[in-house]
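Chain lettering (A, B, C and D) follows the sequence in which the chains are written, and residue indices restart at 1 in each chain.
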Amino acid sequence: MSDALRATLLVSCRDRTGLVAALSDFVFRNGGNIVDADQHAEAETGQFFMRLVWDLASFRLDRRGIDAGLTALGQAFELTYELTYSDQRPRVAVFASKTPHCLYDLLLSHQLRELRGELVAVVSNHEDLRTTAGHFAVPFFHVPVEPGQRARAEARQQELLAELRVDLVVLARYMQILSPELVARWPSRIINIHHSFLPAFVGARPYHQAKARGVKVIGATAHFVTAELDQGPIIAQDVCHVSHRDDVDDLIQKGRELERQVLTRAVRLHLDHRVLVSENRTIVFG
Amino acid sequence: MSDALRATLLVSCRDRTGLVAALSDFVFRNGGNIVDADQHAEAETGQFFMRLVWDLASFRLDRRGIDAGLTALGQAFELTYELTYSDQRPRVAVFASKTPHCLYDLLLSHQLRELRGELVAVVSNHEDLRTTAGHFAVPFFHVPVEPGQRARAEARQQELLAELRVDLVVLARYMQILSPELVARWPSRIINIHHSFLPAFVGARPYHQAKARGVKVIGATAHFVTAELDQGPIIAQDVCHVSHRDDVDDLIQKGRELERQVLTRAVRLHLDHRVLVSENRTIVFG
Amino acid sequence: MSDALRATLLVSCRDRTGLVAALSDFVFRNGGNIVDADQHAEAETGQFFMRLVWDLASFRLDRRGIDAGLTALGQAFELTYELTYSDQRPRVAVFASKTPHCLYDLLLSHQLRELRGELVAVVSNHEDLRTTAGHFAVPFFHVPVEPGQRARAEARQQELLAELRVDLVVLARYMQILSPELVARWPSRIINIHHSFLPAFVGARPYHQAKARGVKVIGATAHFVTAELDQGPIIAQDVCHVSHRDDVDDLIQKGRELERQVLTRAVRLHLDHRVLVSENRTIVFG
Amino acid sequence: MSDALRATLLVSCRDRTGLVAALSDFVFRNGGNIVDADQHAEAETGQFFMRLVWDLASFRLDRRGIDAGLTALGQAFELTYELTYSDQRPRVAVFASKTPHCLYDLLLSHQLRELRGELVAVVSNHEDLRTTAGHFAVPFFHVPVEPGQRARAEARQQELLAELRVDLVVLARYMQILSPELVARWPSRIINIHHSFLPAFVGARPYHQAKARGVKVIGATAHFVTAELDQGPIIAQDVCHVSHRDDVDDLIQKGRELERQVLTRAVRLHLDHRVLVSENRTIVFG
């Protein structure tokens, strides 16, 4: 991962005619160098998506100037866009419960500088993972969720997220269902890991379901959280082969491996500004 | 694949105490050499499964003697078993419609002597694949299925299967649903390929469903056919990664690759007498 | 695969400053619509690579005009480029010997219209595959290679390739080594399949080498042929898992599956104009 | 993983005639129940290998009796064998240097009770990983390896391994080469992770080698350490796909994922007594 200062632009619009030319001309005319560009036209919806990264080393506009330029282009082409700079590291809160494997993977990736973001908090409804967070020097917040008291817990969580200026929430095997209200406040900004290759085995105890159905592959799915459980846009999925020899405990163990890989991969893609949402699907610029 | 004469025994029973000792003693006492042995105890059902292969080169019992010996053991241990000899090649009929890729894969595997069975017929409701069958010198039978006339077509199919002494029916993208009556006559002896990683996307047009849901993997599933559509015991599954770039046609193309591999793999496993069914699951001795 | 008329431009150059803007402006200004664009900057060599596809439906330049425009841009930016139109289908000759699996896969893909090219000839040093070619209505040419007579055989092959106006040669398990002279005439236009995950197990009998080394994965590699045996730029590779149970014959059988998939994938990528060569490596715009 | 008390027998011999019968009879006659049995006959060497697991719950022989019985069978059939009981947990020392990912994976697997052994020490030539070991409550020993002082360091390591009664040494990206003398004392009891799909890219900086060769897959290999560097029997391997977009740092990052998975998998297999060595290959009873 380069440390050069860069701008990344994620764009969606309906009609792309002239857009690529206009955007590349905007970058070129102001002394920028396009480092990466990717695009996708979706036949089904008629939408066009683009990711453009350019080097700011000798760019002649400052951020205010870039804003002005993009505002003008955005109006001309009716763009929805998101602009980020590589020195703005998104702030991430990880929600977890008791199982540590997904949390460890995120913390270690962070420590190894594989994530373009800051882990600023581990939030949990249990105390078990406090020392894990502490080992990696990430603040830990215990927010218990008493039966029937979800609203109160979520109020505290919201407060924390606001105080810590969190940009992204990652549910790393967090065993509570978030309210539609909380979800609605964080559109495309909560990533969950589900322990099946969705849409197979939605809901609880997917490894038990998998064993009962006798499948020969199991999987894990990272997706954005929406109001409908397990139905949000899928960011990443992976699977591994299993056999009749694997009992439910074996599936759980093999699944752990998948869950942490797939979740960390999805978080990494999101923090690299590679993920766009279109209706209930994602465009992932790999 | 060795050409030595061998016996393969597939066994299920409730209690295995002493069974392995009794069976291996039976083989040893009569001058046989155990070439392969595999077993599985299923905690959920309390069932025990075993596959035993032995060399008949210097075995002192003839087939009548083996029958007698196994009958005695079968009663002593309350076994369900199936005994086959490597010189008895199961006879296979492939049902297909118009799409050729799965059929080609089976025909070529057969020609390359990768299948321990004989392809004795290609049966189709269309004429399109006649020359394909002919190219590989496999007899082709056109059995049209007129709307509302399935019973008549199935009567003709049954007649053919009986005449040709068929042991296994393979549905290689055969686009007709078999009646419960026909299915009931062929328990664990009809293998179908479904173009999704079941239980995701049951029913029609799974690649369209996959595109709509935005999954990042697609799959194929080979399973035994039962009365309930897409619900039979799964023999083999595989998946491949896809992205937002893949439109439905791309999924169909990538899926073809999976379908033929998974179907041929399942047929090969079955013809090697490696597949046992327990309730709605398979034990596959790999 | 869309049937709309399109132009595909593959470009390499040293300095990309302004290039993306210039090319997209060229397309836009003349009424074209960019359908796909991908680029890669190679840090090691300082080279820049780009693939640009645009729709010609309402493009205001004819092919002569496009040529003129690109010639000007090519000089301005010191480009090496290759321009193709989607109605120009590259002509492909497949060289094979006796083993049919790779040839079948190519022929079937062609028949299923998965390849953007025409298979115009099967050339073989044996007669065995004549009927296979014939079944798919592709002309078959028997060019025997007598010991010590390679030069004579290659002269005949060259003649054939010239007569048939062949653009790409695919070695589908062709068991003869081509002379450096012939290879030199077809730079980046001969694709071979090697039955190992190169650079492991170069040379002969890789599955025997794999068995002897006790590896747990085997693989296949499609690469452009260069004067140095098994050293050319790699286009595609894949592997599968094996175990101690697999004897050399099993490895050969599993390998067949890999070989044909990997070779067909590489040919498809090349015919889609997605492959560029840089020194001894490929850029594959996926 | 069941907690029932079990015996596991790993056997190699030249001639298996009657052996399976004799062993299963030994277990049955003394009231044991065979829980798992697997076998392999190696055509190339004429060797026979077997793994037999039985339940000791109602076994009528104590360990002394089992020893006597197996000694007799061992002489009769000229067996080499290893007998272990499930309440004897092998003691494992992990050697590491500075990179933490493989060590974390082993420590976490241990904490999650996925390993049938005890991690009794982390031994390192640097201080960096002391807190990591401490976090998981595993003793850490700093054994510096000064230039030209390997013998002294190895003497200290041997002392430690003896004191701690270590059964298995795992090199988790330990960046020192062990002397042939140390290796000779630990035949088939030192597991190393090499960061390539051996035999490709032996030696140093395999990811740089992989980038230079332009491969489309990278891999990792866990193997027993022998006197010849990177040449020992392979226990487990895995690979992942890469592209021209991956620079050496990306390969290193993707490789980390492979390295820790493959190493932990190999250690788990060994601790489950599933790995036998035959010449320079392994039999892995999966």
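Here is the rule we go by: a contact is a pair of C-beta atoms (placed from the backbone, for glycine too) under 8 Å apart; a residue touches a chain by one contact, two chains touch by 3 or more.
Because the structure is a prediction, the values reported are computed rather than measured.
Asker: Looking at C-alpha means, what's the farthest chain from chain C?
Answerer: D
Asker: Report which interface contains more C-beta contacts, comparing B-C against A-C.
Answerer: A-C
Asker: When the C-alpha atoms of chain A and chain B are each averaged to a single point, how far apart are the two points in Å?
Answerer: 42
Asker: Calculate how many whole Å lie between the centre of chain A and the centre of chain C, each centre taken as the average of the chain's C-alpha atoms.
Answerer: The mean C-alpha positions of chain A and chain C differ by 37 Å.
Asker: Pull out every residue in chain D that's touching 2 or more other chains.
Answerer: none
Asker: Which residues of chain A touch chain C in the complex?
Answerer: Contacts found on chain A: 16-18, 20-21, 24-25, 27-29, 33-39, 41.
Asker: For chain A, which residues count as touching chain B in their complex?
Answerer: 40, 42-44, 197-201, 211, 213-217, 219, 233-239, 243-245, 247, 280-284, 286
Asker: Residue numbers of chain B touching chain C in their complex, please.
Answerer: Listed in rising order, the residues are 1, 100-101, 104, 108, 111-112, 114, 131, 135, 249, 253, 256-257, 261.
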